[in-house]
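Can you keep this structure in mind? I'll have questions shortly.
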Amino acid sequence: MHFGNYVFAEPYLGWLVRGILMTLLISVVSGTAAALLGLWVTRLRLTSRRGPRLAADTFVMIFRNLPLVPLLLFVTFALPRLWLQVTGRAFPIWADLYLLLAVLSADSGANFAEILRAGVLGVAPQQQEVARTMGLSAGAIRWHVVFPQAARIVAPALATRWIQNMKNSTMALVVPLPLGLLEMAGQAERIAGETFSWVQPLTAIAVVYLLLSLGSGWFLNRWASRAQARVQAGAA
Amino acid sequence: MPADLTTRPAADRHPGRAPDEPRVVLNLDQITKRFNERPVLSGVSLTLRQGEVLALCGPSGSGKTTVIRIISGLAPFDSGLCTIDGTAVNAGQPYPRRLYGSVGVIFQDACLFPHMTVLANVTLALRKFKRLPAAQARQRGIAELERMGVAPLADRYPATLSGGERQRVAIARALALDPLVLLLDEPTANLDPGLVDEVCERILALACAGTTMLLVTHAIDFARQAATAFALLREGTCQCSRDPGTLDHLRPPR
Amino acid sequence: MKKWPLIVMAAAVLAAGLLIGRFIIPGSDAPAAASAQDASQSTWDKVKDSGVLTIGIGEDAPPYEYLQNGQPIGYDVDIARAVGQRLSAYAGRTLRLEFVPVTDEDRITWVQTGQVDMSLAHTNITRTRLENIDFSLPYGWDGKAILYLASDGTRDLASFAGKAVGFKISSSSVGEIKAYYAARGWKLPDLVQFDNYDAGIQALLNKQIQGFTDDTSLIKASAISMGYKVGPGGTFYLTEPEYSATYYGIGVRQNDSLWRNEVNYALQDLWKDGEFQKIYNKWFGPHSSDPIPLGNNHIDAYVVG
Amino acid sequence: MSGWIPPIVRTLLAGYPVPPSMIDPSYPQLIQRIGGLELTLLITLAGLLSGFALGVILLACRRNPLTGPGRDPGEQLLGQAVRGAAIAVVEGVRGLPIILLVLLVFTLPYPITGLQLPNFVLAAAAFGLYAAVFVEESARSGLRSVDPQLPAAGRVLGLTGRQIFLRIELPLVFRTMRPDLINTAVTLFKDSSTLAVVAVPELTYTGRQMMLSDPAIYGAALLAVLILYWAPATAFSAVAVRAERRRTRAEGFAVRNTMIE
């Protein structure tokens, strides 16, 4: 038995650092894409036109209630097969990263949309009316009046969901990816595979995750409570 | 309220009005509106000329706010004709685009955008609707805020303002767009008694400066001071006159 | 938010605890208390006393171990039963054989931690593994090659330089293929980690990767179980030559030579009276789906040695 | 085509058969033999029940009476320690991705305690912890919404702090927690799919094995799995939304549904 800190020795430390960077990349890219998707879907859900509204509602209903692991398994195994059969070209393995990002964005996007809708409904109706009498277009009303307020009203929920999205990047564990593209959990599994011990790599990434989620949680919540205080006091 | 304004009868402010009166800015002709099969307005007609201040009074629930919402395009109506600055608004048809921004509305609550500074509130439409460059919009915004006496608050957020200050900012925001007519929907109804005067004072000043306004209010005394014409909305119809006595029906019996 | 300082404090304590935990948690996954206490006692004594032999059997990996009609069968399972029978004879009592499924990640660890007395999970004898556990004499042998689609035409190992090649996680193939390519100055393949043979083969069918590598018997058997043929006229080919030769051993606890000897004796006795060959021929003989001739690696001399 | 559908469905619902020789006699057979959707549901239920109990315990630790006024410094210190531990557990579990929590729960207990537990128990423990955090949080926000006059009234009647917590506050809180509990159940149901990573033969793992090993089924297996997750999750979410709406209406909020176009 050896009391090692081999996780902090090469090459494992390098793998871990790489994994941390991939985790950050995946969570920031998918989080941003999800935020934009969520806004767009929210806008469609609240229009009076039936078609887009139905499509957006369906999107939210589907992706809010699908678990990520089987969804990722389905998408990263069935879609490349379909792509091959339809186009006759191979779907390269590194492009699974895009599928992963798409699934994470769709999942978080649907949840963002649900949260944002509650926010939009929380914006006083007169806010839109007064903006309209000022001659602002529907788009300008959305971007400058409704969405900024909606986001602030539900800021704590958005912050929580953003962190959830970061944590969801571990779902990449079920996606086959080249070693260079593995995120933290994948690298931990790789280290465990070579050292026959899960304890150290898992403990190491658990600490990193705690620091990431508690740290970003602290900043996001501070931002959220300030933002929320402003719109709530102002709406009175 | 300053003494000189309270003591002067409103009608005296336009002595010797010529028979060829100023052009009509706003004309409502037999506007009807039903809500859930219940008639709210059953034939409202009124005329507002440039420089006039029309006080629209009526008991609660008589449809005063509905009139304002119809004029500003926020609510549809069933029949009749609404003409603003020569442009007809027809029943059941979309509000003409060229009228956007030419009817300023002040709601009961100031309805400032809480996520923007006071100045940003005022300049938003200047930049996004009038397409003014940022510097010019800012200049214009500051000027309007100064006119309302709230320029020092330009960088504050609405949540930190008093009710009276908010309402003054809201007026500045509406005036920044140079509206043909300003619709005020009980601008002082939700204010603490101590804050009413500062707002009334500004509205009176606007009246003196010749701003065309439609003023919906419960405060009959204030209406008499500010207005040059009076309208009483009751049972879905409207009765207009230049006689301040029109409003007497509203006085609670003593 | 008045609660935050407290929460941050709690988080800091937790993080510090985990960091300190790093120094008291051993490098291996063995329970600190259990292994210290058991160090003096040989596994053989423990097995004789309790009458129970706990055997780790690998996860789904035909022909070594897989489920048929709900029963685990395969080469490893048969060897394990035969070895258990011999050990019963040595112990003078009938040992109850308890099979515990182990994953490829667990098969080394669980021997280290004593969760299983021995493990037969198509485990290659490698030096890194020998640093953590001991192995019996080899009871099977194979080589490692790259599986690829027959539609690509015949390919040699060099053609996979820089290409996407899948491997099974916790397999020794990843180290060996790197060493083989590095020794020849070829660009390393872009290695992709799979936790399942079938997953790798499906990705190969999807043309997401160009090859999948591991012990040839394992990947062949997986492909066959999925209904594909490997070799001329089949869906897949295997590269020739193999890039590494491998021997399978029964994993036993480190530095417990009494126990390892008993296991080795059992294997040797099986060999001597021909039972080993019978089991071997059942799975790898000329009539099996994936024949590997016995003796091509001089295993006989090694086992009896 | 239709010939293989019933076996697929049967396997997805009940899992692959487990050989008797791989069953540990020291634990009930049921939890070792079961698989597929049944196992998923059983783990959800076990996680929810243990999570509820653990959540209430965590909440009680967090509000323990030792930190109250009139306690001597030693008790205060102990109370603060208990409270800090409860907060550490809650924040720790909340800060970890569920896959990582599952991996930790499946990996750490043996090296630390030397205890060998069947997968089902470990899965229930992982999801019990996961659910406890939701329950604790929901109960805590529920407590905040309890009219402060009610505990005060209890105090006037001579109830002790514990009696007030158990008899007055908790029953009131449970009523407001109902939508959150349904949501937690849905979350557990969905997130139990992460157990596939540690080879627990629940629905996702079963579907994945089926997809990978049988080219004739391939994507259809996981499509079926997705539907088996989606349909109950959607139904229960709808129930939660209704419960939420009832709660909101009880609190007197109005809901508006349109946006200016």
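By letter and in written order, the chains are A, B, C and D; residue numbering begins at 1 in each of them.
Keep in mind that, in the parts below, a contact is a pair of C-beta atoms (placed from the backbone, for glycine too) under 8 Å apart; a residue touches a chain by one contact, two chains touch by 3 or more.
Quantities reported herein were computed from a predicted structural model and do not represent experimental measurements.
S.K.: Which pair wins on C-beta contacts, A-B or A-D?
M.R.: More C-beta contacts join the chains of A-D.
S.K.: Measuring centre to centre with CA averages, how many angstrom lie between subunit A and subunit B?
M.R.: Distance between chain centres: 46 Å.
S.K.: With centres defined as the mean C-alpha position, give me the subunit A-subunit D separation in Å.
M.R.: For subunit A versus subunit D, the centre distance works out to 22 Å.
S.K.: When the C-alpha atoms of subunit B and subunit D are each averaged to a single point, how far apart are the two points in Å?
M.R.: For subunit B versus subunit D, the centre distance works out to 56 Å.
S.K.: Could you please state the distance in Å, as a whole number, between where the Cα atoms of subunit A are centred and where those of subunit C are centred?
M.R.: 37
S.K.: Would you mind listing the residues of subunit D that make contact with two or more other chains?
M.R.: 91-92, 95, 107, 111, 211-212, 218
S.K.: Multi-chain contacts only, two chains or more: what residues does subunit B have there?
M.R.: As it turns out, subunit B has no residue touching two or more other chains.
S.K.: What parts of subunit A, by residue number, touch at least two of the other chains?
M.R.: If we look for residues of subunit A contacting two or more partner chains, we find 77, 81, 129, 132, 198-199, 206, 210, 214.
S.K.: Which pairs of chains touch each other?
M.R.: Chain pairs that touch: A-B, A-C, A-D, C-D.
S.K.: Mind listing the subunit A positions that touch subunit B in their complex?
M.R.: Contacts found on subunit A: 124, 126-127, 129-137, 140, 144-145, 148-149, 152, 227, 229-231, 233-235.
S.K.: Where on subunit A is subunit D touching in the complex?
M.R.: Residues 46-49, 61-62, 64-71, 73-74, 77-78, 81-82, 120-121, 125, 128-129, 132, 138, 141-142, 146, 167-171, 173-174, 185, 198-199, 202, 205-206, 209-210, 213-214, 217 of subunit A touch subunit D in their complex.
S.K.: For the complex, give me every residue of subunit A touching subunit C.
M.R.: Going by the criterion above, the answer is residues 1-7, 77, 80-81, 84, 90-94, 96, 176-180, 182, 186, 189-190, 192-194, 196-200, 203-204, 206-207, 210-211, 214, 218, 221-222, 225.
S.K.: Would you mind writing out the residues of subunit B in touch with subunit A in their complex?
M.R.: 69, 72-74, 100-101, 103-105, 107, 109, 111-115, 124-125, 128-130, 157-159, 170, 173-174, 177
S.K.: For subunit D, which residues are in contact with subunit C within the complex?
M.R.: By the definition above, subunit D touches subunit C via 16-19, 21-22, 24, 84, 87-88, 91-92, 95, 107, 110-114, 116, 199, 209, 211-216, 218.
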